[in-house]
Structure formats: structure tokens, C-alpha cells
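First comes the structure, then the notes that go with it.
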Amino acid sequence: MRDLLTVSRLDAFYGDFQALFDVSLRIGDGEVVAIVGSNGAGKSTLLKSIAGQIATRRDAISFDGEAIGGERANLLLKRGISLVPEGRRLFPSLSVEENLQIGGEHGRKGPWTLARVYDLFPVLAERRNQRSTSLSGGQQQMVAIGRALMSNPRLLLCDEISLGLAPIIVREIYARLPQITGDGMSLVIVEQDIVQALAASGRVYCLQEGRVTLEGDSQSVSREMLAAAYFGV
Amino acid sequence: MDWLNSILQGVLVGGLYAMFAAGLSLIFGVMRLVNIAHGDLVVMAAYLALVVTQALGMGPLASLLIIAPLMAVIGYGLQRWLLNRTLGDDLLPPLLVTFGLSVIIQNGLLEIFSPDSRKLQAGAIETATIPITPDLSIGVLPLVQFLVAVAMIGALQALFYRTAWGRAFRATSDDQSTVQLVGVDNRHVFGLAMGLSLAVISVAGVFLAVRSNFDPSMGPARLIFGFEAVIIGGLGNLWGTLAGGVVLGVAQAIGAKIDPGWQLLAGHLAFLIVLAVRPEGFFPKVQA
Amino acid sequence: MSGAFTITRGTRVSRILAVGAFAALAALACAPLWAQASSLNLLTQIFAYVALATMWNLLAGFSGLVSVGQQAYVGIGGYALFALTIVGGLHPLVALVAAGVIGGLIAIPVAGLLFRLRGAYFAIGSWVVAEVFRLLASQISSLGGGSGTSLPARIVTGMADGRQAREFMIYWTGLALVMVVLGLTILLLRSRWGLALRAIHHNELAARSNGVEVTRIKLLVYVVAGFGTAMAGALIFLQKLRISPDAAFSVNDWTAFVIFMAVIGGVGRIEGPIIGAILFFFLRQALSDLGSVYLMMLGLVAIVIMLRAPRGVAGWVADRFGFEPVPLERRLASSKPNIESKPESAHV
């Protein structure tokens, strides 16, 4: 499989605090990769670095063969990198439909349209004119995923989409992932819920205290190896 | 009838104040920026109109075809290359930089055009009136000014709530970091908002120049009128700025009727009374 | 434990500077012995501006109350002085102190209104208030209405025996005013309210939730600034001997210049306005013949400083050489050898 994204020897900082140390990983074209790790392991930092929300070295990240580290998020979106941010971050003064529309206005052309997002999450069609803040947490997450899909990304980064949601809602959202990746889109799932993440992905990376501690095949990685990589025991 | 006439004039002048206010409200809404040089930019637009009408021999209203785009470009440039650098958590840099800008514009105009007051000539329309009753009539020019203000606020409202630009403005106002994740460059949006604001006040500047004498020192008072209309109308509501402008215009007209020295004071007092009894303004932003 | 840590506020440099400051103060106090009348006059103007800039800095630099309307209190102070001496028959020096008290009292209801406006809107609101006072002043016909009035000769000559004594008196009043304003500001900032102010500046919401009475502290600061600014205004117009609404409530003279001094000297630092005022007067002596071009240059310099060195000259010096001439915070001074030789002392 051809690499779509490679991260090599990435360090990331918040001011003086170093959050990532020498992180390297690769995401293949059309691949679904899970990134797991405990709270504070650096998962969100990694996604923010890839999506352009944290400054990085130019050659630390390359996408489709081009060095893109540190490029602005709005330009990366046009290249095809889209992030579903932690906590959803919908625009409260925009309606559900407007949140989706703005997602599609500056991205790439492709199969994802309003109609297809409503097809994927029919409940959003019923609530298209409501304010996004009036929706339930699960529905808000659907809007956030739909907003990211509207830009027709080649690489979709999902940060903790199960956070704060009831298990039944989480299962419902995860059940839709195959429909999303069906066209060959690459997907990165960052999760604290390991079982869910392993079931949905082909490969897995584990982060601990800002370092990659495990890389493996999602189906064959053993519980013991994962526990060791996750907790460092 | 005399009083009715004064109040009517006040309402119509309110349209001009609403234009000052709409420009101020727009940039505050999108990027929480208060531009102290706002009034001086209104006066600058008036002087640009003076230059254009004299150089090209066109009428003041026609000159807007040149002035409005020109001011929009100036606004975009000002925001992208200067004011964007001041935005952040600290309140002081944007305030002081626009304050410095105000001093520069005011004294620049003084240097170029001298302190003498000027006026733009619009021809017969200036004195034309529409009689309503034998004692009461409406000036055509004030009426046009008011209708233009209403149309402009309606257009801004439609832009904000019906177009992709408007979505980008509102989304950027909500969350300038996340908006970049949907491909919007917040710095560009800020530039567009300032460009739009200056296009709006260029119309105000031309009407100001046609309706009355103007000189380089007039800017700060225009900023204050716009600000008062914003607060009276309610923060973040474009139609509210029209109501605020009208309240201010009427208060000034009533004050002037009592005693010419009371015109400005009455307007400020109306503002202070609203601040005391209804600090959120008449039409605060509603979560529609 | 003993001697391992000491809590100090002073630094070595600050103590050396304190000695220097006392020497300078002594020299300034004796200035009537060595300076000409015109120099005394100029120094008094500088004193008034240092007082104004220090008060503005207390509001904007330390308390987040960015005002562009402090000319309101300059005008109130000036008009109070004229009213109390002409109508009330008070001695000008008594009237000057009373003018400060009046300024502080007026600040209370004004704060009640203005504190409803947040951030930048507070700034413009403060300007509106200044305009209101200017317009009201022009309605006072007994003080000349819109064209203003002069201080009658009997009041001027009755101040002191002879012209020279009067000049000395005004000069020493100016020096005393600077001392009072600076002393008040330093005391306020070093008190528990000053600590609270820094907490508010750092994070208003967190300070509020920790029980800091944000509004009351801001009110206190605003009233103190009203008091100091009005006294400075009274001094300015005692020196000018003539007042008019436009001069007394001038946004250029009493706010634009004052902000320029604070910005160039260093916003949020005690020594900033002093340095700024001195630099401003040098620039004025050298360039004011240029008229409006000079004002444009001031605006440009303020913008460049705000963008390139937002902490001003004083901040730049502090960053570059790492010293605090007027330390406001206590610092932990540790003596390393002690900790190493007696490890238990670290667990105080």
C-alpha cells in the first residue's frame, strides 16, 4: 500500500512543554489506523500537528509525497486533510445545515454533498434548520463528522468521537464508518476506547507520554502487548 | 407642527448614525475589534469624495462607485497588514493602534486639506422637498439618506444570514481557530469584514459631506455617534443599530429645539439613560 | 531551614536606584535654587504629565480599564479649581486638593454607568462621559460658558508674596503631586488589592471565582485615578491661569499625549510613564514646530512601539538587563549552597 501520510521524527511543543518526542508513523492510502493511548499521551497533539493547528518542522510531516509540516490548517484542508476536532467544536451561531455547508465551501470537489451526509445521518436532515447547540451530543458528533466529510478529504482525522456519548450512540456512529471509507478515504481514529478502535481499524499505534510505544496489526496485537504499551508496565 | 418637523428631521438623521454604527457593529461582531479611527475614516471618505468629484467632475453620489471600492481595499489592507497583528487576548494593542491611526488620519487630513471646512455640492436635490402638509415637508436628500441606510442594513443582514460570506463571518466570530479546519483563513475573513465596514462608512462619509460642512477634526464625534447608536440599539444586532441611530437623532433634534447648545448633550444623555436603565440596549442579540 | 529561603521584594539594582531616586528628588526639591523660572515652568508641566500618565497606567496597565476619557477628570479638576477659588474664595492650594476630592467623588457614579460596558466599549464610553462634562462646562455662564475665563488677578496675587514665591509654590506643588500620585499607586499595587489586581489581569474569571471582589477593586482604582487626575488638572490650569471647555476637556492634550507617554515608556510598569513623559518632552522641544506632521509622527511611533516592543522602553530595559527598578512582587531568593549542604532545609 502506498503511503498517503508519513510522520517522521516529530517533536511538538506547547510553549516550553514538549508533548511529542520523535514520533514516526505512516498511514497508507485507503487505510484505517487507530491511535490509542491514555489521557495526556499526546494523541490529540499528534492530530493537531498533522492538521496544522500546531507548528511543526516542515519535513516532519509529508502528505502525498510533499512536506507539509507547519502549513496552515485552511491550506491543508484544500490538500485533503480534515480533522474532526475533540469536543466537536460546532459553530453555535450556525444552523445544522449551515455547519455542513461551510464544511463544503472551501474543500475539494468529490462525492460528499449535503444529500449524501443526510443519507448517512438521516436524523440531521430532520434537524437541518435547528441551531447546532440544540442537538444531543451524538447528533452534534454526526454534524462534526458530516462537516469534515463535506470537504471531501483524502485523510479524515477523528479525535475522540466517542467522548461523552452513550455506548449505544457510539456503536451507531462506528457502524457508519465503512460507508465513509468505502470510496478509499484514509481514516485515523484517535480513541481511549481500545476495543472500539481496534475493531474498526486495520493497524494500531499506541502512544505513551508523547512517544510511540507500539505499532501493530489491530487484529493480531495481544492484550498483554497493548497493556504494556498503554500503561508502560 | 414645528416639533413634529424637528422629530422627523431627527429620524432621518438617524439613518446616517445607523450607517456609522453598522460599520462599527460589523467589525466588533466578526473580530471583537473596536476601531477608534472609525470616525476619522468616515471623514477621510468625505475628503476622498471631494477629490474625486473635483477631479472627475462627477456628482457626489456617483463618486461612491469609486470611493466605496477604494475604501474597501484600504480596509482590507489595513486589517491584513496592520490590525491583524494586534488581535489577541490583550485589549490594549488594538485600541492603542487604532487610536494612533486616528491621530495620523486626522493630522494627515489637516496637513493636506487645511482646517477649513468643506462641503460637497449635490445640485438641485439638496433643496428639493416633498410637502406633506402645508407646514410639514420632508427634504428629498435626508429621505434618500435614510432609505439608503435602511437598504444597506437590509443588504448587510441578508449578507450575514443568507450567503457563504455571512456563514464565514459568523463562524469566524464563533471560533477563529476551528474555522480554519473548514478551510477558512480567519485573517482573510477579518480583512473582508474591515473592507466591508469601510465600504459602508464611505457611503456615510459622502452623505455627511453633502448634508453639512465637514473638516478634519470631525471624526471622533462620528465615532461616538456610531458607538452610541450601537449601544442604544443593542450589541450585535444590525436592525438595532438603525433603531439606535433614530433614537439618537431624535434626542439630538429635541435637544436642539430646546436650546441649540443642548443638541449634542441631549444625544449623550439619551445614551447614558439607556446605559443606566437598559444596558443591553433595546434589541440585544437574540439566539434565533 | 533558616537562611535557605528568603522572601524579598527589593533587588540589588532596585536599592541602588532607590538611592539614586532620592538624590534626584533632593535635587528637584532644591531646583528653585538652581533653575530659571522657565525651567521650573517646564518641570512643573512634566510633573503634571507624569501624574496623568501614572494614573492612566494604573487604570489601563494594571487594571484593564482602558480609558480614552481621562480628560474628563482633567477638566473637572481645572473647573473645580476655578469655581472654588473664584466663587468659593478658597486658597488655590486648598482648592487643588478639594478638586481632587471632587474628581474622586464624581468618579463613583460615573463608574456605576461605565462599568456596564466591557473592554473596548468601556474606552469609548469614557470618551462620551468626557464629552458630556465638556458640554456641561460650556453651559456654566459664571465661568465664561463656551469661551472660558481667566483666573482673576486678586486670586493669583493673593496666592503668595510676589511673583517668584508664587512660581516656587506652584513648582513645589507639582513635585508634591507627583510624589503623592506615585506613592499612592505604589502603595495600592503593593497592597493586597494590588495582588488581587494582578490576579484579575491574569484571569478575571478565575479571580472572581476565588472570591476576589473584582468590581469593588476596579471601582477603587477608578476613584483613585479620578482623584489624582483631577488634582493634576487643577495644577495644570493653576499654571495656565486660563480655562475653557475645549482646552480643559481636550482629548489630544490629556489623553492622546498621555497614552503616548505610557506606551513609549512602558504600560504596566511604574517607571514607564516617568520615562515616557521625559522622552515626550524631548520630542516636543525638538519637533513641535512641525505641527500636524509632529502629531502624525507621534501616532506612528506609538503604533510601531505597540507592535514591536509592546512593553515600551522600560519593559525592554527590564527584559534586556533583567532588573526591576520598582519591584511590585515579592520573590523567592534561594541560596543554593545551603540547600545542598542541608537537604532537609528544602522541605520547609
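The first chain written gets the first letter, and so on, giving A, B and C; residue counts start at 1 in each chain.
In this text, a contact is a pair of C-beta atoms (placed from the backbone, for glycine too) under 8 Å apart; a residue touches a chain by one contact, two chains touch by 3 or more.
Every value quoted in this text rests on a predicted model; they were computed, and no experiment measured them.
Counting C-beta pairs in contact, the chain pair with the largest number is B-C.
Greatest Cα centroid separation from chain B: this falls to A. If each chain is reduced to the average of its C-alpha atoms, the one that sits nearest the average of all protein C-alpha atoms is B. Chain centres here are Cα means. That of chain B falls 34 Å from that of chain C. Once the centre of each chain is set as its mean CA position, chain A and chain B turn out to be 44 Å apart. For this pair, chain A with chain C, the centres built from the Cα atoms lie 53 Å apart. In chain A, no residue touches two or more other chains.
Contact with two or more other chains is made by no residue of chain C.
Across the complex, chain B meets chain A through its residues 164, 167-168, 170-171, 173-175, 177-185, 287.
Those residues of chain B that touch chain C in the shared complex are 28, 32-34, 36, 82, 85-86, 91-97, 99-104, 106-108, 110-111, 220-221, 223-224, 227-228, 231, 261, 264-265, 268-269, 271-272, 275-276, 279. The part of chain A that touches chain B in the complex is made up of residues 51-53, 72-74, 77-78, 82-83, 85, 89, 91-94, 98, 101-103, 105-107, 131, 147-148, 151. The touching residues of chain C, when paired with chain B in their complex, are 60, 64, 66, 68, 113, 116-117, 119-121, 123-125, 127-129, 131-132, 135-136, 138-139, 146, 251-252, 256, 259, 263, 267, 291-293, 295-296, 298-300, 302-303, 306-307, 310.
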